[in-house]
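See the structures that follow.
In the two complexes below, chain A is the common chain; its partner is chain B in one and chain C in the other.
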Partner chain A sequence: MSKWNQRRISIDIESDYDPLTSIPMLEAGYIDEVKARQRITAAFDTQNCKNITIIDPYLLERDVKTILELFATQSERNITVITFLNKLKDGDAKSSDKVTTATIVKNIVDDLTKKGIFTSFEVIVTSFEFHDRFFFCTDEGKDGLLVSSGGSLSMFLTKYSGLVRITNRTFRRTLLQFIEHAKENGKLLSDYIVEWS
Partner chain B sequence: MPKTVFRTLLFVENGSWELLYGHSIVWMISDLDYSVRKWKKFERGGISVFFKDIENRSDLDRAIDCGTFNLLPQFDIEACFEFTEKEDFFIEQSHLEKNFNPFINLCTFAKVHFRDYSQGTVHPADFIRSYNDSFDAMKDRYHVDLQVNPHLIGTFTIYEPTRIEEAFKGCQTDGLIGYRVGFQDYFNLYAGARVHLESFSDTETHRTDIEFDTELHEINCGFVPDRHITTIEFDGRIIYKSSFSLLKKISVTTNIVQEKRIISGDKTISQISSSKRSFDV
Partner chain C sequence: MKNFEEMQVDVEAGRHVKPGSEFYMPPNENDRVSAFIDLIKYRAFASATRALDDQFLHDFNLLSVEQRAVLAGLDKLYLIPAALIADLAIKGVKQWISSPITILNEMASAIAISNGDINSVDKSDKSILYRYFVNSKIESKDAPSFSNEEFLQYTLNRLLTEERVIFTWIVQNLILLVEHAHMDPCLHCEFFIGLFEKSNYIQGELGVLFKVAISKTPSLFETLANARLSIDPFTKQTNFSLWLQDSAKFKYIATLRTIAGVVETDQVKKFDKKFELFNEMNKFDRGAL
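Coming up: the complex of A and B.
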């Protein structure tokens, strides 16, 4: 193969930039986290994802607003959030207890569902701790879009947190297993509030 | 013989005045063609574009040998480069062609001057992304898409196009089942060339040779091709080769989309909903 062809092919192969596999704050020409978040919206919209599962150990009131901004761009979506309602370690500021957070989040989620912004919005509180964060399209018959997020929704794409697109099918199946495990061993928000009030 | 100019385009990084990309097109000009006799400049976000029709080949060759385009007297700038490698190749009109072709419908010979791309320097694709706005503007104005062709960073190419354009149409009428093909030879440069035509369907292949002229040829091969290859040889070398597939049917299914606005704090989210009923167009 000629030197020119070798050069062309190797540069083309290495030019595999993916906005969903990146540390946006380190990207040349990076503007702000709002713009960076739009890449998540664009990816899920392009694939017309209808069933989206968000896995995040933390879920605060303001995170529901983030979910709204990320995924309310298409109608008839079913949103599932799997969380442990972890508290933020935020200096001296005291986080609300989990039941208070659960109640506030439930009120917002109920309001969104009533307004028909999402077809359904289900929050499952797990009975076990977990760490990793994901956005996952679980539509049947689609090669589910799966993005691992280094940061929680509350600090999404700040502090040099990155995104990694996962295409490994075995890992996707494992994550589906995790979701089932969370559902079997977790509680819907309303049940959780009743149990712990 | 019509006049020939060397239509030259340079992308240069401001400040370092390093030549990022350049090409020169060996262009025969007709009476209707324009000519840019002085260096012109366009600038966007840290990258400048300079362009001019260089009149003498020797000036172009000297610039390449010295590794410097001197933009005097219009600009007190020297665009510098160090391209130690060079290669010649021919670029076909084909969707399989991997090399960048600055022409929409011409085949071209190319001589590329380039430097070795080494791991130590900023990767061309990362460099391009850091100047995305600039290269977007360059793509729109000069039809050179470095974002799609990052390997063109650090290169200067001389393109010498074959000034032949081909017209092709598949036909299925009473008298003709096959295709019509014709050629434009703008400057009457290729008299005596030979044309080799190859047509393919799922089950059939047809090959024939014709004399190169500017007549419209009807080829009654008995089927409308799915794929076709045209090759033109002149003076013992291939000067034109096109390869394309024919589009026979388009089917479009669509549905109706509505937009709703959701106010969330200080933000407005636009929600798209599409009807479940779809219909064919």
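Coming up: the complex of A and C.
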């Protein structure tokens, strides 16, 4: 095969490549999850996203650090996390354990708010279980960058978990509907703590 | 009740933890102070005391601070450090900040950094000051503490070379130092060009930082104008995403051209010509303009 043909083939392969639609650990030359995480940061920063919704049934103390690393690269951002506060091992029922997690997360989030790292950081605890994980830019007038993540924040981009960029508008509208549903049927962290402690 | 030696053996063997318990463990294993800062920030105390064996915790609380510090140094899971830090934080850091016991000194520094208590930090230790700089948003009254040239060289070099997220507050800290003349951009051209080349996009605080730096040191514009950018037609054909990214950076440099003090040198004229040519070549391209 001539060099030009080889080049053409490699361009064809590259032109279909999207770092946000991939199983990073399977990529040739994959370095580590830090590099993989930077893809998400870069995508949201490039579009100058200001309103970001993170949908993840699990949320642990350490996940706030991951959120910071992903999104504290630009100021004046409004972060909303929709979660069921699932625990890694046990407890899909509301338990005192979940309230403990909620209280710790609330303290960490209050600290961040006090320091003005994000304009707002809202955590909504849903009244129903859910499964899928997403990062969603809900800015108006932008193309609604939406990434589905195979893994939770706590195991982010490990264990061969994949990322998929979703461009389908019907699905984006459905997800906005889900966010509304979660807000209507969910509770802010502070209210959740009061109710269950 | 076990004696201190037995407790040390238990910690080394990991027997101080309840089997199957979940707890927060900081990721920075090579950097103890950063790990301690994470323990404080992410409230590791609660999960650590839940995870520690009840009898061990009881015995541990009867030990002196110095003995507890020895056990903390042995604990690879960071449960004992989490418990000890919480205790030191309540008692106040002043007495431990200059402790000859390294781990106590590091814990006290981590507490001071987390509390934004610059007066308690050992300012002669540039690595501690660096951790303060990357972990806190600096107030203007504290800015002089960061103006030491040796510290700046050390910090800027680490920011460029370390695999770390450049958080908004770090850039805000740099803006503050430049604005208040605690950092002369002229002496740190390498950092600015390095940061520019390292950043895939220039937006928000980063955009403000370069603007402020060029306002203070207009000659920096020439340095940025010489940055390596792939805005040629060949890259446009073969690696469009890189071309798009670099074109945005090139156009960002053009926005700095009108800053007062940017003199029309040969280099600047060359940039103007390049920008004109770039616009001409891509005038039908919506993505670039």
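Throughout what follows, the second predicted complex is superposed on the first by the 176 of 197 C-alpha atoms of A that agree within 3 Å, B and C clash if a C-alpha of one lies under 4 Å from a C-alpha of the other, contacts with A are read in each partner's own complex, and residues count from 1 in each chain.
FYI, a residue touches a chain if its C-beta (ideal position, glycine included) is under 8 Å from a C-beta of that chain, and two chains touch if they have at least 3 such contacts.
Please read these numbers as outputs of a predicted model, since none were measured by experiment.
Engineer: With the two structures laid over each other on chain A, which partner does A:Glu27 touch: chain B (first), chain C (second), both, or neither?
Structural biologist: Once the two structures are laid over each other on A, A:Glu27 reaches chain B alone.
Engineer: For A:Asn185, is the partner it touches chain B (first), chain C (second), both, or none of the two (neither)?
Structural biologist: A:Asn185: touches no partner chain.
Engineer: Pick one for A:Asn168: touches chain B only (first), chain C only (second), both, or neither.
Structural biologist: In the superposed model, A:Asn168 contacts neither chain B nor chain C.
Engineer: Considering only touches as defined above, state whether A:Ile117 meets chain B (first), chain C (second), both or neither.
Structural biologist: The answer is both, since A:Ile117 touches chain B and chain C.
Engineer: Which holds for A:Trp4: it touches chain B only (first), chain C only (second), both, or neither?
Structural biologist: Once the two structures are laid over each other on A, A:Trp4 reaches chain B alone.
Engineer: Taking the superposition on A as described, I'd like to know which of chain B and chain C A:Ser127 touches: first, second, both or neither.
Structural biologist: Neither partner.
Engineer: Pick one for A:Asn107: touches chain B only (first), chain C only (second), both, or neither.
Structural biologist: It touches chain C, and chain B stays clear.
Engineer: Which one hits more chain A residues, chain B or chain C?
Structural biologist: Counted on chain A, the partner with more touching residues turns out to be C.
Engineer: Quick check on the superposed pair: does A:Leu68 touch chain B, chain C, both, or neither? Answer first, second, both or neither.
Structural biologist: both
Engineer: Taking the two structures together, which residues of chain A meet both chain B and chain C?
Structural biologist: Chain A residues touching both partners: 11, 14-15, 45, 65, 68-69, 72-76, 117.
Engineer: Can you name the residues of chain A that touch chain C in the complex?
Structural biologist: So the residues of chain A in touch with chain C come to 11, 14-15, 34, 41-42, 45-46, 48, 60-62, 64-65, 68-69, 72-76, 87-89, 100, 104, 107-108, 111, 115-117.
Engineer: Enumerate the contact residues on chain B facing chain A in the complex.
Structural biologist: 85, 87, 89, 98-99, 112, 114, 116-117, 123-126, 129-133, 150-151, 260, 262, 264-265, 267, 269-273
Engineer: In the complex of these two chains, what residues of chain C are touching chain A?
Structural biologist: 22, 24, 38, 41-44, 46-47, 137, 163, 165-169, 172, 200-201, 203-205, 238-240, 245
Engineer: Mind pulling up the chain A residues that touch chain B in the complex?
Structural biologist: 2-4, 7-8, 10-12, 14-15, 17, 27-29, 45, 65, 68-69, 72-76, 117
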